[in-house]
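Each of the two complexes below includes subunit A, the first together with subunit B, the second together with subunit C.
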Partner chain A sequence: MEEGVYRAVSGGRIALQRRQYSASCREFSVRCPRLQLRSLSAATCSVWLAAYGLFVLSQNSMVLSAAIFITLIGLIVYLHFVKIDQESLLIIGSLGIQMTSSYASGKENTTFIEMSQVKDVVINEAIYMQKVIYYLCILLQDPREPHGVSEVVPLFQSSKPRLDCLVEVYRSCQEILEQRKT
Partner chain B sequence: MVLKVFFPSCCATAESGLLIGRWIPEQNSAVVLAVVHFPFIPGQVKQYLSEVQRVTQVNMCVLGSWSNTKQEKEEGLDKFLEDLSTIFSHEPWIQLNKERDSKVWSCCIFKKYPSSPKEDEFILVYYDQRKVMLSQLHPTDNLTTSADHKGNDASKLGAVFDTVSKSKVLFMIDRYDDGPIKLTHWQSEGVEASIIVELLKQASVPVCMLLTFLLSLVSSVCKSRVLKFWPLSFIWSKLSTCEQLGHRLEHLQIISSNRKAQNQTQLMRKANIFVSLLIDMALGILLMSWLYRENRIGQLADTLIPVADHIAKELQDLLQWLMGVPAGLKMNWALDQVLGRFFLYHIHLWISYIHLMSPFIEMILWYVGLSACLGLTVALSILSDIIALLTFHIYCFYVYGARLYCLKIYGLSSLWRLFRGKKWNVLRQRVDSCSYDLDQLFIGTLLFTILLFLLPTTALYYLVFTLLRLLVVVVQGLIHLLVDLIDSLPLYSVILRLCRSYRLAAGVKFRVLEQKAGKPLRLLMQINPLSYGSVVQTYRLPTYACYPKDSWSSLCKKLFVGELIYPWKHKGEKQD
Partner chain C sequence: MVENSPAPLPERAIYGFVLFLGSQFGFMLYLVWAYVPESWLFSLGLTYWPQKYWAIALPVYLLVTLGIGYILLFGINMMSTAPLNSMHTITDNFAKNQQQKKSQEEAIPALRDIPISEVNQMFFLADKGICNRN
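Entry: the complex of A and B
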């Protein structure tokens, strides 16, 4: 198992873990930066200050309980639906490619694409706000057209690693994809 | 080439024996379904397999051997296993070895004609046999469009699921049964059954027959000629209660039919309809018990007349306001008075009728409330119909105002064309120029001026009553939306996704298990359940939804011109 530290598109530090289970089975996990205590406290304080300001204006204590409720619910929703901790890619030579995203609350979202549907794994460019970024994606085969691409599935969407990290993953994937042609 | 073996996790602790399953040559994978234990007679095994193959249409054969040795390896075992491979010839012959207390197994393949000099790589995939058997794969759109490409292009995992679910016959006998063949599969861990479910299955047949008989009686009564006379049939078509009752009758007929469901979709549909009806009736009975307690019906009836009076009084105030100087606009006094008095008289008539009916309201409500036991949707439809009846005068006013306004607009447009010297050619459906006589022009201009100056008055009345009518329409639309939601929500599928999520599978997911160098790759295949959104979308029941007939632009155009609008279209109504 090898681990390397890289940077994401936004500048944050991410860690890439590579494992090789067998000649045709490899796993790549990208760990995103954790939830900062600073931003959490800043958000909570601003919400509570706003609620206190409203309370002073309206003298209704329901505002304070509502603020606490909203903060709790918002935190739970954020941890369970928004904050992705780790994204991993498992590529098994003759079976397929599996993408897993694990959220901060422990929830895991998995998608498996069979090898017969995979046409190729490529690095693509995209215009994102004012930057041009690179992202790794899987091209799916169009069953009706042998040379066509039916869908593009982007990988590592929330961690957004930079090109150096993507090239490592790309090279490893291509080694395995080449095996299936033989 | 990579060889994949799908091994059921329930057979991991089985005694030594033979592996039975299906070999899929296109994908170079073997699906193991069961293990046959020693001792056996090869001839009987072959006969049994061919029988099962005939019944299930699955190409079953002996795939290899399985040895679970608790002690040290015996010398004669290798020779014995090799002899087996010659008796049951299968290409390639798979040999799985499990040592005592070891998680990692060793596998070897014997090929009579090795096709490539390279050594074969082995992948061992464990799967939960019972869950895979019961599960239903829901392929995404990519696969459904290529339905004609069965075979090589078909989903590999679809083939595995298919194999296991079709082999139910194989799982009927296991090693505890007396017989020549002793098998181990998922049933060997203990068979689950429920007495209540079995009793319900037995009881369902006579209940279904009784229900079918009753429903045929009811539907024959409904279809009888007596109820088809013109006034009655018109009323039935307008009342949403009758439509909802008809809908529910259809649902009951679907459930109580004697034919078994052909495929999974039909089964789920039946189950969804059944649960929906059950919940509907339960909610309806709850509502009924709430209504009939503490004389709430009486209270409701007592407040109904004052509410109707209040609405009428508000309308009268509104009309008085319109007859005066509404919003600072100056109306044409004569037309204003005529229209205002006309509508006021209408309201007076309406109030008199309501007061005539007031002694009977409580009794009517009491009996109508009893029909809530048929379901909450029926109660809501009755509420929608009551609202429609109570606001019938608003509907009438809207129709009068709209017709007047519409006539005025058409007259104005036609006379405007006359002003400019043009005419509408009905034959060619276009505007042509025309030379008018002087007296035609004179009268035309006069009429145009009159209509133009009377326009604000009529337009104001039309606007006010259209707004009121739209309000009532929106309220009715909301109630119908709620009824629709209760009708079409597939509750059984959602509960199934909650409790037995493996039955609705969107796909699979793999987990890599403990590896050891030199041994084959071990993976665990688990079922990836469908998301709740896709469950609702796939299994939604079809409904008589009321959806907007017109787009926003055509609605606005109709409002401007003065055409009568019926914004909700029922599915099944003819297009006009």
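Entry: the complex of A and C
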């Protein structure tokens, strides 16, 4: 098992963990930094200060209770639906590829693609929000029509590693994908 | 074949001068209409003019439209960018229908669209001595 520290497209640090379970089975996990206490308290303080300012202007105490509710519910929604802590990719040469996203609240989202549908795993460049980024993606093919790409599935969407991390994962995946031709 | 060059021609000089005179005349007319009091215009016999309210309103409308247009153009650009999971980032109709020419020996290969798998292998799997990538 190897671990390396890389950077994401936004500049934050991410950690890549590589495990080899057997000759044709490997797993890659990209872990993002957890929710920091200082950003949480900064957001909470700004919302509560704004609510207090509104309360001073309008003298309506419902604004304060509403602010507390909004903060609590917003935090729960953010942890459960938005903040992804770890994204992992499990590639089994004879079986398929499985992608898992784990949220900060513990929820896990899993997608499995079987090997007959996988054409290739490539690093693609595309325009994203006034930047051009590299991202790893799986090219899917229709099993009845092997020449031709039917769909593109981007990987590591929320952590967005930079090219050096992607090249490591790409080389490892290509070693496994080459085995299925022989 | 019709020439499409941007070179100066006598006709273009005439068009340019007519536009210049017309825009100067239009501007002078706008200033006269906006500043000269209505009583003076009536005394001259010119009674059928639009309300002076529009002398202020039209420029304001124009400036607000310009400001919104900047933001709108930015937004339209962002909306027409293909998302990351779209097929348009990989290939398009021209690349799918291209003809494969037989490569002759010792000749420069024909220009064609190289599939993304081949490009990736060339860039990222080849030995480091051949390509310099950071």
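Going forward, the second predicted complex is superposed on the first by the 180 of 182 C-alpha atoms of A that agree within 3 Å, B and C clash if a C-alpha of one lies under 4 Å from a C-alpha of the other, contacts with A are read in each partner's own complex, and residues count from 1 in each chain.
One rule holds in what follows: a contact is a pair of C-beta atoms (placed from the backbone, for glycine too) under 8 Å apart; a residue touches a chain by one contact, two chains touch by 3 or more.
Only a predicted model underlies this, so the values are computations on that prediction, with no experimental measurement involved.
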So in the superposed three-chain picture, is A:E151 touching just subunit B, just subunit C, both, or none of them (first/second/both/neither)? both
One more residue to check, A:A67. First (subunit B), second (subunit C), both or neither? neither
Figure out whether A:I14 sits in contact with subunit B (first) or subunit C (second), or with both, or with neither. neither
Have a look at where A:R171 lands relative to subunit B and subunit C in the superposition and call it first, second, both or neither. second
Touched partner set for A:I123, first subunit B, second subunit C, both or neither: second
Set intersection of subunit A contacts, subunit C complex versus subunit B complex: 151
Enumerate the contact residues on subunit B facing subunit A in the complex. 2, 4, 28, 121, 123, 125, 142-143, 145-146, 149, 153, 155-157, 507-510, 512, 515, 520-521, 523, 528
Contacts from subunit A onto subunit C in the complex sit at residues 119-120, 122-129, 135, 137, 139, 148-149, 151-154, 157, 163, 167, 170-171, 174
Give every residue of subunit C touching subunit A within the complex, in rising order. 78, 81-82, 84-87, 89-91, 96, 116-117, 120-121, 123-125, 133-134
Per the touch rule above, subunit A residues touching subunit B in the complex are 21-25, 27, 90, 92-95, 98, 100, 110-112, 114, 116-117, 140, 143-144, 150-151
